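Each of the next two complexes has chain A plus one other chain: chain B in the first, chain C in the second.
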Partner chain A sequence: MSDLSGLRRGQSYYEATARSRISGLLDSNSFQELLGPADRLTSPHLEPLGQPCSFNDGIIIGSGKLHGLSVLIASQEGGFMGGAVGEVHGAKLTGLLERAVNEKPAAVLLLLESGGVRLHEANAGLIAISEVIRALLSTRAAGIPVVGLIGGANGCFGGMGIVARCCDTLIINEEGRLGLSGPDVIETTMGVEEFDSNDRALVWRTVGGKHRYLLGEVQHLVEDDIEAFRATAINIIDEVQSPCLEPLERSSELQKLTLESLQQEHLDLSRRLENYGHCQDGTEIWSEMCIDDPEKLPLMDIPRFFKAVENNI
Partner chain B sequence: MEHLEFEFKGSGNRQVDRQATLVGVVSSGNLEVMLENVDLHGLCRINVSTSAQGFTEIWQAVLNDFAARYDLADLQISINDGGATPAVVCLRLDQAMEEYLEALT
Partner chain C sequence: MKIDTLLNELFPGEHSVINTDNILTGFGMTSKGEIAVMGTTDHLAIGVDTALILADFVLEVIKDRPGQPILMLVDTQGQRLSLKDELLGINGYLAHLVKCLELARQQGHQLITLVYSEAVSGGFLAFGMMADEIHTLPQGKVRVMNLPAMSRITKLPLEQLQELSSTSAIFAPGIENFIKLGGVQTVWRQPLAEQLVKVIGVETSADQRRQNGLLRQGRKLACSVAKRVNAG
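Let's look at the complex of A and B:
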């Protein structure tokens, strides 16, 4: 008989609902929901289309404690319309980020799982995304770190992919996916020759957690365990809060939000295109990065993966 | 969309001043169930919003069973349904009651 006891200690982040992710991440019983289900803040757009609405409109927001520190937190429910952002959903997220500017929590945690804009709500959803981005940047400008966590079944795509990359720092598991156009969208618009979205291995080699980590788009790669996400989030906030650092220096963990940093980012992106623009697959990029046996990376567990790439990142 | 309302007379305990209980997620073949304590003069009221039209009698049968199992009063139950089967509805209702009763103790 095979021994399965050592396989998983904690609770899978990938499989958890938005609500159980919050309770697993925060200190126990510390979560206070804002605009909870009983407030019935539901979408006005779905009913006329014959679509059932949700009392939370697919996102749970509130405050709580992480390792004793006050944080604000939002968690998208991938099960409801793929976590897609509608008018109310987006307004809840925007409101939470604006609240952060006033309340000055130790951090804002965004548990992102979304296919992007809710197409049923069209322009209202698109505007919601831009309002979220504006509020997120205001929060960062106020010196409050925004930490994004990605690792649900629906990945983080479309407008929420942009929102994710506006965060100070991101935590992802191997199962997590991050991108702008999702695999299905690429296949639909460009053809299956360009991208076969049914090729699951290819999908993870191009938008999966390990690849995003190697490209430097995501700063932290963790096991699929809520406890691992929690420990990493605590480390990030501890480092940011460290009293021995001057306020301006303490952002070693965080991307600086300055004109210079944005110009540098653009420079890095154009270099990346120069270096890897010809590649057809994640494995080709890893090969260009001089990683040994790149085709073996997808099969490695997280500790072995770190060992294999430690000299390349 | 179809909106249904059912009422049952019950004698269960009145418990006011507590947060709503919510279980489940609205998705295809799934539903969310919210329980709230409301003074309904001894009634249990169940509001269903469902994307599947024309199943009033089946809802009635499932909820009759549920009401008979728990004998509830002054409880508002609100359901957003994405076309769940009767068995899934039963399980979600039981799950909601389990969380609700757990929070009372």
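Let's look at the complex of A and C:
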């Protein structure tokens, strides 16, 4: 177990900015930014549309230490255009993942908060996300684990929802949301009968952290506390680094893509569709999972939630 | 172009591609040997079930036909927008398809994409965009979102978007724009069988799209920014 003494506690991940998440996660004063605000690197596509720009284009990247180990880290700023991905934003992320292949850090941490493609530069954003996906999978192929963290107010949607599920493993808080099409997009396109995006309880039962954890879409559910995210990330990376473990003994969540691992994922996803494909609501799925009083899950705090589901996952 | 016509033009010899509920799977014979074929028709929206069927085909090809090139024929209106798909974690299903294609690439299968009708957003991202070779027919329609919808969501006047789209490739729909940005390589014209054979076996290494976007002056920063991060 990691030594977590003397560290800050109780800072909400959900409410924190991209930068304060980084400083809360990494060892004190270890973060070194790449292409920071002083470089004045902004999107060239926003000004012609009369939009404000940001000196980091909505993403902070760099290197640092996590429990003494070198890591590369990226943190999307939900406060700037919802963390949406444009040309520069995406290229910073792609460049960081490619740097990891050369630098061989213990891991890459991706603090994901994004609505997906930035519509103001839609074509460039879509291609950029595709480039991120390819770079991420190349990083994994080089044996470097990529850990995704989700828990900001904008959730993780669109192409970035796909990027998230390309990571080795994901950490989410209860408030975190992970999906593809945002509820508002589905409501606008298909009608309020399909998905009422103002029904916040429904939104959380569909794309929220607890449901994603129960489905197996994310591997770690934590309190909304940056320290909890840090402790979990340390445990994951310590396990990878442990010299005592043969690759096969390592947690199955951190493995290169192989035919066998993807066949297993295929089986899991097929079973999920078979077992829950008829369900219309998260509570129906939890009921199919034989969880007692599924309608009570959304109100439980994290310890009580784990107790309630411990026999079902 | 009708899918049957397209398949006959790509594979004048023979092919065994079947269309099951608008999902294409099978094999086609070219002068450079047999290749695997997968794709969609009728602007199919990609849902969790679609992604599983396509991923299943990719895994079968990896297992049974080592190194065989895979051609993806793209006609999709994007991801399926539904509560049920989101409830099941559709992003995980699309990521699964993406990972299967990446494994195929890593195991030596060349990935070729031909957009022959619509290629929209998440649906395109989940398979066609994973290829090393991405081409289109002249009638291909690549986009993230049409301008009126974009105007509604960004709250920018439609006239302004229309005016800017005449000078910028960055947000408006169209294959010319995606070619300029490096997201699509070329437009295939007749005879299609020849065009296909020409790209089969072409050596590809890393993702070339940034370099092409720079060469074509459509995406001038992506290449240098990624390089600065990598070297900095």
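Just so it is clear, the second predicted complex is superposed on the first by the 297 of 313 C-alpha atoms of A that agree within 3 Å, B and C clash if a C-alpha of one lies under 4 Å from a C-alpha of the other, contacts with A are read in each partner's own complex, and residues count from 1 in each chain.
Here, a residue touches a chain if its C-beta (ideal position, glycine included) is under 8 Å from a C-beta of that chain, and two chains touch if they have at least 3 such contacts.
Since this is a predicted model, take the numbers as computed values, not measurements.
Participant: Should chain B and chain C be called a clash or a fit once both complexes are overlaid on chain A?
Facilitator: Once chain A is superposed (C-alpha atoms), there is room for both chain B and chain C without a clash.
Participant: Identify the partner contact of A:Ala38: answer first if only chain B is touched, second if only chain C is, both if each is, neither if none is.
Facilitator: In the superposition, A:Ala38 touches chain B alone.
Participant: With the two complexes superposed on chain A, say which partner A:Cys290 touches: chain B (first), chain C (second), both, or neither.
Facilitator: neither
Participant: Please determine whether it is chain B or chain C that touches the greater number of chain A residues.
Facilitator: C
Participant: Give the angle at the C-alpha centre of chain A formed by the C-alpha centres of chain B and chain C in the superposed arrangement, rounded to the nearest 10 degrees.
Facilitator: For this superposition the angle at chain A equals 100 degrees.
Participant: For A:Phe195, is the partner it touches chain B (first), chain C (second), both, or none of the two (neither)?
Facilitator: After superposition on chain A, A:Phe195 lies in contact with chain C alone.
Participant: With both complexes overlaid on chain A, does A:Leu299 touch chain B (first), chain C (second), both or neither?
Facilitator: It touches nothing on chain B or chain C.
Participant: Could you tell me how near the closest CA atoms of chain B and chain C get once both structures are overlaid on the shared chain, in Å?
Facilitator: Least C-alpha distance: 12 Å.
Participant: Counting contacts the way the document defines them, which residues of chain A are shared by the two interfaces, the one with chain B and the one with chain C?
Facilitator: 50.
Participant: Quick one: which bits of chain A touch chain B in the complex? Just the residue numbers, please.
Facilitator: Residue list for chain A touching chain B: 17, 19, 36-38, 47, 50-56, 77, 79-81.
Participant: Taking the complex as given, what residues does chain A use to touch chain C?
Facilitator: Touching chain C from chain A are residues 34-35, 41, 44-45, 48-50, 61, 87-88, 90-92, 94-96, 98-99, 102, 117, 119-131, 133-135, 137-138, 141, 158-159, 161-166, 178-181, 183, 185-186, 189-190, 194-195, 206-207, 211-212, 215, 217, 257-259, 262-263, 265-266, 269-270, 272-273, 276-277, 279-282, 285.
Participant: Along chain B, where are the residues that touch chain A in the complex?
Facilitator: Spelled out, the residues of chain B in touch with chain A are 1, 19-20, 22, 25-27, 30, 32, 34, 36, 49-51, 78, 80-82.
Participant: For the complex, which residues does chain C have touching chain A?
Facilitator: Against chain A, chain C makes touches at 48-49, 52, 55-56, 59, 62-63, 79, 81-96, 98-100, 102-103, 106-107, 121-122, 124-126, 129-130, 143-145, 150, 153-154, 156, 160, 164, 168-172, 177-178, 181-183, 206-207, 209-210, 213, 219-223, 225-230, 232.
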